[in-house]
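When the chains are written out, they are named A, B and C in that same order, and each has its own residue count from 1.
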């Protein structure tokens, strides 16, 4: 997908005007957090597991080169292939070559954020290969030609009428007057249709929730089973993953798994947790003949050395999105790329370039709920503040912001001046606003008064009144 | 490609402020990979006997599995038949070619092998169960084609009580014990926790999206 | 020099009388917009064994600069604040976000090698938000206040997540005669103020505060209370724009029994 993060303000305006989106987001904002809270309440060890996950991830990042090399070694031992890709373009070309070598006409896809990040679908299509998303949510947005609006629930922004409309428009072989009012009807239709695509696919591409160095294993979690059908039916399985996903052993994977699904859907585990190691064995009746792992860097190795290192702990659970007051007001599309919400606001500038996503770190109230619920305790507000700091240091803040802050700081650093000016201004404003107690509009306050009244000052400042009373200094 | 490999590794190391790890550290890390340790393991699954079976049943039912209990493997065909009849499902079994299953007295129309789209019911013997979350653990192999877990609409898993474990860690330990050395991982290890589901449309929960709509577990024997 | 002498005198005097010396960090919003909150804070502290002084050389804690990524100005304002307040036994602010800034963020502004870091840590250790100071340090169990009606409480983000303020205001509100507290369905949800965010992204801020005000209205309470004036002005501004009858006050005003002045955003009529 083509990023539109630099059109944030336009995107936001569109999102806020969308009544349908508002309803969908209200569902997300309440439904998913309650599920998480219920699940967490049932597991006394949850906080200990979070701490454990942090320790695990920190250890891995400190030794990332070692674990990636061991992982590669093991994959090769099992008869698989590892492809290291420094950039998005390299990853696209690598995947295309594997598909071409397999003479692929159609490719089924399990849900993969890396797949979205490198925009592999468009690329394959341009080169005459048909990609078919198999995760129900991804399938829906694929036929609507939309980007995902949430990293776990890509179609969370739609209502069932919209989905039905898309099904009717796309599945033209079926009787146009068939009933599609019930999500169950749509499910049945998608299942039947996609089943055929699964069976006929030449290549299956999945993501990887993590890579296990000990055994050369890639692991995925799904609730639908689509990732499994994607990888066991075609003769070729490609697992694509960014490099920070590796964990040392299978036991380490357990810690991640115990906090992953719980944090987003409130399940102990997703329905299908699948550990795939190499191509099928000589005595396996089913499974792929070829197993490829595409490892993507695209900015991660650099992040390891800067102030955004903690972001590499992210396990892509999506919890921070559901708890974010900004995300639940504007939805995922407004962020303009694959990664939205708090994690997207840190990651998008890192991966696309700060100038291409400058608004994202600024559009936050720093309420801190994201950090509160992050299973790997990423200090997201601190990361966002780092972006803001970079903006100031590089002189890229807006003139208005700069002037406002500098003026405020200038005065605030001079208490005598501050108190004199304050008393003049606020006494005056207090007098003006005395009767009603608020202003519906006032010069230089359009940002505030567009939607809110501005409470009037009471009159003299506290410091002035304290002086008048001879208060202790 | 190898150019990228070196580029990525060298950037990683530069970011970490060091060159390749020293021999001593590498030895230590490799030792840990050879002798994996358990991390934080919740108390919940660390129980035995009937308590473990009860937990497994409770957790499996909570994620929409159905369960039946029989005394011996010989009773499994009957239990499977009864389940299908009670739910108006076709008595058309596709069974994993596992010796314990092949030895049982199945209806004449039952067949063995990997699953295709035409098989409405798949029946397997789970390699293990994990009580912590009501999870079934299966290993791909000649006796257990992976397609049986996913293609049929109805999935019946036979689990012997003696194969029921408490935690995931016990599963890994048991798996490693399979082979003396070297590669103990099969192509696919599946952890299955309930029927296939999605909430992608309006957060409405629906079962049977791509994988089985129904998961029926036949628990065999005593703890 | 003169200031220091005053503070030493104060400390000596209160040591004799076993009272705590508290430097009040007024906060810019209280100073400029709603001094009655400051006076309520003073009353609560004096009623509970404190001698309160208000240094003149304080203006802003620097949080707007800090959150905007302006490290230089944040540091300068932090140094000014530290200098003005570090001589007191305790420093109390009627604001979770300002107290949070001092407690949690001031030390991070200075390098380990910088002597200001220790001074920042020193100030951080003795700085408290008002209500939690009363309950957790002074061990206040009740207040002498009377207000008929139902109140609902908004948990400001900084106070809640940086300082763990949750039960303390509710504990004291329970002791206000005639007052019932009714919880909104999401009292911990952000109000959409976020400092400069409210004017940089006014439409998003509006969407967030609308969810908050809807939730508050649903409680059918008479009055909304909270510990941070920024949040309260944001909420009151929205409520008033919606012609709501809900009144908004700082919790200190109710606890101190000082609700004679108009509520936030209301006039003398």
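By our rule, contacts are C-beta pairs under 8 Å (C-beta built on N, C-alpha and C of every residue); 3 or more make two chains touch, one makes a residue touch a chain.
Here the structure is a predicted model, which means the values were calculated and not measured.
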Chain contact graph, described as a line, ring, star, complete graph or other shape: line
Longest centre-to-centre distance from chain A, chain (CA-based): C
Centroid distance [mean C-alpha coordinates] between chain B and chain A, Å: 29
Length of the line joining the C-alpha centres of chain B and chain C, rounded to whole Å: 54
Centre-of-Cα separation between chain C and chain A, whole angstrom: 34
Contacting residues of chain A [partner chain B, same complex]: 24, 27-28, 31-32, 43-45, 48-49, 52, 56, 62-66, 68-70, 77-78, 83-86, 90, 94, 134-137, 140, 153-156, 158-160, 163, 183-184, 186-187, 190-191, 194-195, 198-199, 213-217, 223-226, 228-229, 232-233, 243, 248-252, 254-255, 257-258, 265, 267-281, 283-287, 295, 297, 301-306
Contact set on chain B toward chain A in their complex: 1-2, 4-5, 7-9, 11-17, 20-21, 25-26, 29-30, 32-33, 36-44, 59, 63, 113-114, 117, 132-135, 140-142, 145-147, 149-151, 168-169, 172, 183-204, 206, 208-212
Chain A-facing residues of chain C, complex: 3, 6, 10, 26, 28, 30-36, 38-39, 42, 51-60, 62, 64-71, 73, 76-77, 80, 157-158, 161-162, 188-190, 192-209, 211, 233-234, 236-238, 240-241, 261-262, 264-269
Touch list for chain A against partner chain C, complex: 12-13, 16, 325-326, 329-330, 362-369, 371-372, 385-393, 397, 401, 405-406, 408-409, 411-413, 415, 418-419, 422, 426, 433-438, 440, 445-448, 450-458, 460-463, 465-466, 471-473
